[in-house]
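Shared between the two complexes below is subunit A, which pairs with subunit B and subunit C, respectively.
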Partner chain A sequence: MALFYMLLVFMVIAAIIAVETKDLLSSVICVGAIGFGGSLMFLFLRAPDIAITQIVVEVLGLIILIRATISRDLTFITGDREFFGTVVSVVILFVILLAGVRIFATLPEFGAPVFARLPGTASQAYISRGLADTGAPNLVTSIYLDYRAYDTLGEATVLFAAVIGATAILRSKSRKALEGSDA
Partner chain B sequence: MKGMTVIVKTVSSWVKVLIFLFGIYIILFGHLTPGGGFAGGVILASSYVLLMLAFGRRFVEENLPSSVASKLDCLGAFLFAMVAILGLVFGGTLFVNFLYQEYLPGTPFELVSAGTIPLSNLAIGLKVGASLFLVIFALTVFRYDGSRKPGDSDESAGGTPATRE
Partner chain C sequence: MAYTLCFLLFMIGLYCAVVKKNMVKIVLGIMIMEYAVNLFLIMLGYFHDGVAPIIDRSEFDAQTQTVTAQFLNSSVDPLPQALVLTSIVISLGSLALLISICIRTYEKYGTFDITEIRRLRG
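This part shows the complex of A and B:
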């Protein structure tokens, strides 16, 4: 339990540095440190699937961000922040903190999921019958490729559409230039 | 863009093989160990991103042209859709695990088991890896063009690798 508090403090410090630093590259690296802390928390909560996905996406996202920021001229943020904006953000943060304290008081104990206590819920059915139904010992895979494969098909479609959009918008030459070079 | 120093190039040319193998392992053993198609595909793409950072964009473009990557992307999506439709044909509903239920039960905790799940993992891994590679490739091309002076000619940025230099 103390480990999680240490990781939380680490992530909060990294987030504050990421917001407050003037250098864009250090800010990106601090965002990566937040993701790394989250990945470690998932690992210690015995969710290695999520941990792998989190660290892989975070690292790759970090590289893309560095790639995008390192070549720009404007890597330092200039100009002062407005006083009014600071006051409003502090007030909003205080309200969110109060609400968070009330909400966290009602949550179940850390590390003890609600669904594990109730009999007959979907998660317990997956755990007890997943291996016999699908033959896959990795229950996460058996859920997202067998029980809910239709959902995964939707995700693949979303990714496909995103790639089409990215390659169409970010291509280096227009269609007219491509046709001209072929002719 | 010539890439980084000799040290980075040498180390990354060794490490890229390990990263690629690890991605293949994560995809193939997705139904047995943590991981799966998505994480393995991202790892496959990240090995090419490492090459792109170390050697420069042109080296990667000659190794894996974006046309080939887009074909791999389409192939992955097609394979995943085929798994769904084969389930419809053989089992009666979309995505039914017909291989495990009828034709190839296999024993759990072995590589060839769990029916269509490894096939789906393979398709998803191919698809995610190729798509992420394409997105990053498009971003670097965009960066390459954005850093150009407005007066430059178009020949330095575009075109096929054969026409360059």
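This part shows the complex of A and C:
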């Protein structure tokens, strides 16, 4: 479990570098390091399906982000917002951090979940009856594609809506044709 | 300890999204927050020395259609894993949308700096 904490600290350090570095491209690569570190963490947390999905999504996301940052002249935009606003937001964030640490102290200990062990909860029912109900030995599959299939359908809808939005924003041909006919 | 480090990761992302002037940096902050939240949800279902929620042939009794009590007591929680799977895929879609907005703004204004993008242009 020591490796687990080392990975977590690695992710935090990569996040700090990603936030504070001046060059946008190295910032994007640091975020990729967080993503791949997170995928390793999911393997440690016994979630192989999530790890595979995270790697695939991470590769695609990195391609999208590099497309946005490469070959831009002004990738070196630096500086924060005005000083007073920065100080106020840092103070507020620090207060939120302290409150969050207090709240997390009241949660059950890491590695001892409550929901999966109580009889009668949804998680317990999925573990005990998932294979008999759906025929899928992988319980994540049985939840994802059978018990909560409508959730997956909604997810696909959201994904297509996002793709339609992105293409509508990025297209330039019809807009130029429109401007030409106006003039 | 693990929860606190995860929350620290979330707060770094929030700081990046709130304080930075660069549009792409704001998107990166939002992505860091997504990683932290996904990680936290998976951590909530983790069980010490647990096994992945995949049932082996030896752990299922075909006669009574039940899993063994040993698997029942050692499997990690599959429910947050299934929901985080949805969340990861949706985060890819929202990332594509955010980045396309950034590229479009750069084409219009020639900068990623949000303090210089003041006037609306058609």
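Quick note on the criterion: the second predicted complex is superposed on the first by the 169 of 183 C-alpha atoms of A that agree within 3 Å, B and C clash if a C-alpha of one lies under 4 Å from a C-alpha of the other, contacts with A are read in each partner's own complex, and residues count from 1 in each chain.
Here is the rule we use: contacts are C-beta pairs under 8 Å (C-beta built on N, C-alpha and C of every residue); 3 or more make two chains touch, one makes a residue touch a chain.
All of these numbers come straight from a predicted model, not from anything done at the bench.
**Q** Could you tell me whether subunit B and subunit C fit or clash when both sit on subunit A in the superposition?
**A** Here the two partners, once superposed via subunit A, fit next to each other without clashing.
**Q** Going by the contact rule set out at the top, does A:Ile63 touch subunit B (first), subunit C (second), both, or neither?
**A** Once the two structures are laid over each other on A, A:Ile63 reaches subunit B alone.
**Q** Subunit B or subunit C: which reaches more residues on subunit A?
**A** C
**Q** Check whether A:Tyr126 is in contact with subunit B, with subunit C, with both or with neither, and answer first, second, both or neither.
**A** Only subunit C; A:Tyr126 stays clear of subunit B.
**Q** Touch test for A:Phe42: subunit B only (first), subunit C only (second), both, or neither?
**A** Touch partner of A:Phe42: subunit C, not subunit B.
**Q** Regarding the shared-chain residue A:Asn138, is it in contact with subunit B (first), subunit C (second), both, or neither?
**A** both
**Q** First (subunit B), second (subunit C), both or neither: which does A:Asp146 touch?
**A** first
**Q** For A:Ile96, decide between first (touching subunit B), second (touching subunit C), both and neither.
**A** second
**Q** How many Å separate the nearest C-alpha atoms of subunit B and subunit C in the overlaid structures?
**A** The answer is 5 Å, the least C-alpha separation in the overlay.
**Q** After overlaying the two complexes on chain A, where does the subunit B footprint on subunit A coincide with the subunit C footprint?
**A** After superposing on chain A, subunit A residues 48-49, 53, 57, 60, 64, 67-68, 131, 137-138, 140, 142, 144, 152, 159, 162-163, 166-167, 170, 172 contact both subunit B and subunit C.
**Q** What does subunit C use to touch subunit A in their complex?
**A** 1-9, 11-16, 18-22, 24-25, 27-29, 31-32, 35, 38-39, 42-48, 50-56, 60, 65-67, 71-73, 75-79, 81-86, 88-97, 99-104, 106-107, 110-113, 115
**Q** For subunit A, which residues count as touching subunit C in their complex?
**A** Its residues touching subunit C are 4-5, 8-9, 11-12, 15-16, 18-19, 24, 27-28, 31, 34-35, 38, 41-42, 45-50, 53-54, 57, 60-61, 64-65, 67-69, 72, 74-75, 77, 79-81, 86, 89-90, 93, 96-97, 100-101, 104, 107, 110-113, 115-117, 122-124, 126-128, 130-132, 137-140, 142-144, 148, 151-152, 155, 158-159, 161-163, 165-167, 169-170, 172.
**Q** Can you list the subunit A residues touching subunit B in their complex?
**A** 48-49, 51-53, 56-57, 59-60, 63-64, 67-68, 71, 131, 134-138, 140-142, 144-146, 149-150, 152-153, 156, 159-160, 162-163, 166-167, 170-173, 177, 181
**Q** What residues on subunit B touch subunit A, complex-wise?
**A** 26, 30-39, 42-43, 45-46, 49, 53, 66, 70, 73, 77, 80-81, 84, 94-95, 97, 100, 105-106, 108-109, 113-117, 120-121, 124, 127-128, 131-132, 134-136, 138-147, 154, 157-159
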